[in-house]
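Think of it as A, B, C and D in the order they're written, each chain with its own count starting at 1.
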Amino acid sequence: MTKVKALNEVAASVEDGATLALGGNVLHRAPMAFVRELARQEKRKLRVVKTAGAHDIDLLCAVGAVDQVDAGFVSYETVYGLPPHYRKAVQTGVVKANEHACYTVISALRAAKTNVPFMPVSGLKYGDLIEKNDYFVVVEDPFTGEPVTLVRAIVPDVAVIHVQECDKNGNAIIHGPKFEDVLMSRAANRVIITTEQVVSDFTIKQQKERIDIPGFLVEAVVKVPKGAAPAACYPAYDVDDRALREFLQLKEADQISHFIHRYDQQDHREVRGERKW
Amino acid sequence: MTKVKALNEVAASVEDGATLALGGNVLHRAPMAFVRELARQEKRKLRVVKTAGAHDIDLLCAVGAVDQVDAGFVSYETVYGLPPHYRKAVQTGVVKANEHACYTVISALRAAKTNVPFMPVSGLKYGDLIEKNDYFVVVEDPFTGEPVTLVRAIVPDVAVIHVQECDKNGNAIIHGPKFEDVLMSRAANRVIITTEQVVSDFTIKQQKERIDIPGFLVEAVVKVPKGAAPAACYPAYDVDDRALREFLQLKEADQISHFIHRYDQQDHREVRGERKW
Amino acid sequence: MVNQKYRLSDLMTCVIADMLEDGETVFHGVSSQLPMVAMHLARHMHAPHLVHLNIPGGVNPSSIKKAAFSSAGPDLVESSEAYFQLDEVFDLSMRGKLDVAFLGGIQFDMHGNVNASVIGDYHRPKVRLPGGAGSAVLIPTAKKAIIWRTKHDIRTFVKQVDFVTTRGNLWKIVTPLCVFIFRNNRLELDSVHPHTTIEEVQEHTGFPLIYDEVRYTKAPTTKQMQLLRQLDPHDYRSAEF
Amino acid sequence: MVNQKYRLSDLMTCVIADMLEDGETVFHGVSSQLPMVAMHLARHMHAPHLVHLNIPGGVNPSSIKKAAFSSAGPDLVESSEAYFQLDEVFDLSMRGKLDVAFLGGIQFDMHGNVNASVIGDYHRPKVRLPGGAGSAVLIPTAKKAIIWRTKHDIRTFVKQVDFVTTRGNLWKIVTPLCVFIFRNNRLELDSVHPHTTIEEVQEHTGFPLIYDEVRYTKAPTTKQMQLLRQLDPHDYRSAEF
């Protein structure tokens, strides 16, 4: 009963309009191969959820795949600067930016994890975010009468999480920082793992205490070595500085398309090669 | 800056009337040495919080230390049967049983962890628990208008957690099931660790990925080998069957007192011996 | 092939095992040796992909032989495939992703209400019971809640419980005399155990039995009995008898 | 002893390090190389028991030399003492147990409001900014919020921000020209950097400066500069300059 499938097949299962939680954080362990495949398949109207996104959100905005972004921070880090495609999409009204404190994304996912319609957030007390966004509301605590801010649940249809090790049953191990990925795997209706390596059941069993996502939560496993590139994937590879700098200069649709297709072979290697399990 | 202290000194810091979260579950890894010390110091009016308690709650009730118990289940497991002292205390009106679904204790502690006044609970929909207990309330979800049940936060003044390994800085590792202990360490205002072994900083550093409670959250560390007995502490020792069966037969206050004092030497070994660090 | 030599605990264990389907996510709590053994039996018979969840957090423990006094002990983690903590099992059920939950209770009525709280007044009870543990959130949210109870008498099965700890997706109740099924908003008789009669069941039940025809519970097979002896050599399934 | 050879990034790093006290729990986020280095400096100077928290979750990383492009990378976990995840850092702050949080922002006004969201209309902005990350919950809950900003001009320090992303326990703002302090419900001038004048600061600030007397920011000491070169040999503290 292997869950290992081809990238294009699994990406095809994501419907237009889906709410998509993406693992990793800024330029770390972003599921870029999957994101590129969504772009290739010309997905539309996606709602993307992440505390802090960068190249993943920017690329999806660049190809017009996005309807809304729920995030606390969207930007490359210091040296790479701001995300041009995301900014343009928001500024032209193509994409709706649902601005969160990163923590309220976490709270909204915690609400999904526990299947409640909202989560109270103690820290969100002041400012225009509460008034301008309809996913925040201030109510009266029925126990004390004090005001308390609620954030509405965000239930991802799919969580896509890139990991370093996973067995064919979906038992996944994240090396280094886990960010919000474990929470996402418990909040989403469907969990898709892309992985640097599909390791044997035995290899996972030997380090079972380190399993972050048990297989029974996982629907599909996709093997994509370098699946986070040009973002970083610890400890295997760092950011691809040249590719990122190049991408940030691109403006036209055909340039973006060309950029994505340069990864075709790398992203689909497993389909053409050792696909048997 | 060692946090290692003597059992009596740390227990003395727990005030009458305190809300106390106890680690472990039923007869597993209960912080019994600390509980006995609370009994010796004749604490009163404690509010005890735990999803599923057994000998710990029963003993505190036996010595009249308890005002309220917030739990989903209070009983020894199958072979040892029901908790006589807890039952008597509740049936005579001495102790108030705040009955929860185990999950609503978890939810109430999650509320404390996030400093919100309540936590919505999707599963608590039917029955008399909601009506009879003032810590549950049904409100209207402001986003959808649907009814949703809230449980009021429980903020422990102190969490007492018995672990197998801890260094002098409070970095604690739990072997085997962790139950609600990690959550308790994040929900309580003060965290007290009792530990089978105080290991070196180096020993902890070598297995830092396994640290369940980082030291900066911990106020005091107490070394008490066999600190969970007569409950079990994996993998060091199983339940003390004879002691438990004997305790369950006791009725009079002086019998209980005698039972507790039989542990005096064992619980205080570290005070009399190698207390230097 | 039906085995003639079995005890009540064997029968109840096998009946419960037969209720579980392959691939289901199934949870049991404390003081639940009998369903724990039943889940294990099912995994070795017809449901190899059943996902066994429990309080200590061990997913699919490969052995339950070291369980001893407890069905919430470290042995379930030690031999497990992964760690999935109690709070997450609850969350899973809240999301509608727990297929079966095993729960206890002391009193049950014909309307499917469960009492695990008190006999008498709630705030000043005649008898304080252990509490429903996870029942109050699991019975409403698990797709199928199965209750087992090793006592079957008119104080256990009553017209109206003293206190409604919970109700909801109650599916079956297994007793030493019969299996009840909750449907049409009432507790109906599903099957009578081979060693008893409908009259005897009625005599020990505090409300009129509802049934179309009398069906008998399937007795354990030889294969099941063999496996039971192998999987549960210390007879934890009989701990409550 | 004051070191005469230092750059603006060195000065800002040292000023921030000096604000941190021993034993405090301190958090920085993404794109925060400068405060990250400052925290590290403080731990090696006067605050050995400072608790360094961050996005990837490494408690007290012993080295920040491998940070490269990111202040949210795995290096912070690799050399850490323990793992304490971002969501838990937020929870900690909600409980009032985070002493200091470092946060950014693009626009600040004299009332202590922070804008990290938009320039222009919120729903159809002229400029969409990256967002406040954790600011909107950390500035109200951390005991002391410190903001650093490597730009100081009249578009950054304004009378009234375009949008209030948050406000709250703002304590200090460190810029290339000065340090502001938020007290009496307004942004006051705390100190002017040695290389500039009150006139220059005023010229680049969009609201009237409030101060009793002009104090100058303490320049980095030789010891601080030595340590900085050792702890941050790749000069990450200058990444924003």
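Brief remarks follow.
Criterion: contacts are C-beta pairs under 8 Å (C-beta built on N, C-alpha and C of every residue); 3 or more make two chains touch, one makes a residue touch a chain.
Please read these numbers as outputs of a predicted model, since none were measured by experiment.
The greater number of contacting C-beta pairs, out of the two interfaces A-C and A-D, is seen for A-D. In this assembly, the chain whose C-alpha centre lies farthest from subunit C is D. The mean-CA centres of subunit A and subunit C are about 40 angstrom from one another, to the nearest whole unit. In terms of their C-alpha centroids, the spacing between subunit A and subunit B amounts to 38 Å.
Averaged Cα coordinates give subunit C a centre that lies 58 Å from the centre of subunit D. With centres taken as mean Cα positions, subunit D sits 28 Å from subunit A.
Subunit D has residues 94 in contact with two or more other chains.
Within subunit A, contacts with two or more other chains are made by residues 114-116, 121-122, 209. The part of subunit A that touches subunit D in the complex is made up of residues 25-28, 51-52, 71-75, 77-80, 82-83, 86-87, 90-91, 93, 96-97, 99-104, 106, 121-129, 132, 175-180, 183, 232, 234-235, 238-239, 241. Subunit D meets subunit A in the complex at residues 29-31, 33, 55-58, 68-74, 76-78, 85-87, 90, 93-94, 113, 117, 122-128, 130-138, 140-141, 163-168, 239-240.
Partner subunit A is touched in their complex by these residues of subunit B: 107, 111, 114-122, 137, 139, 141-144, 146, 148, 150, 152, 209-210. Contacts from subunit A toward subunit C in the complex involve residues 1, 113-116, 171, 186, 205, 208-209, 211, 214-216.
The part of subunit C that touches subunit A in the complex is made up of residues 25, 49, 51, 59, 80-84, 88, 91-92, 94-96.
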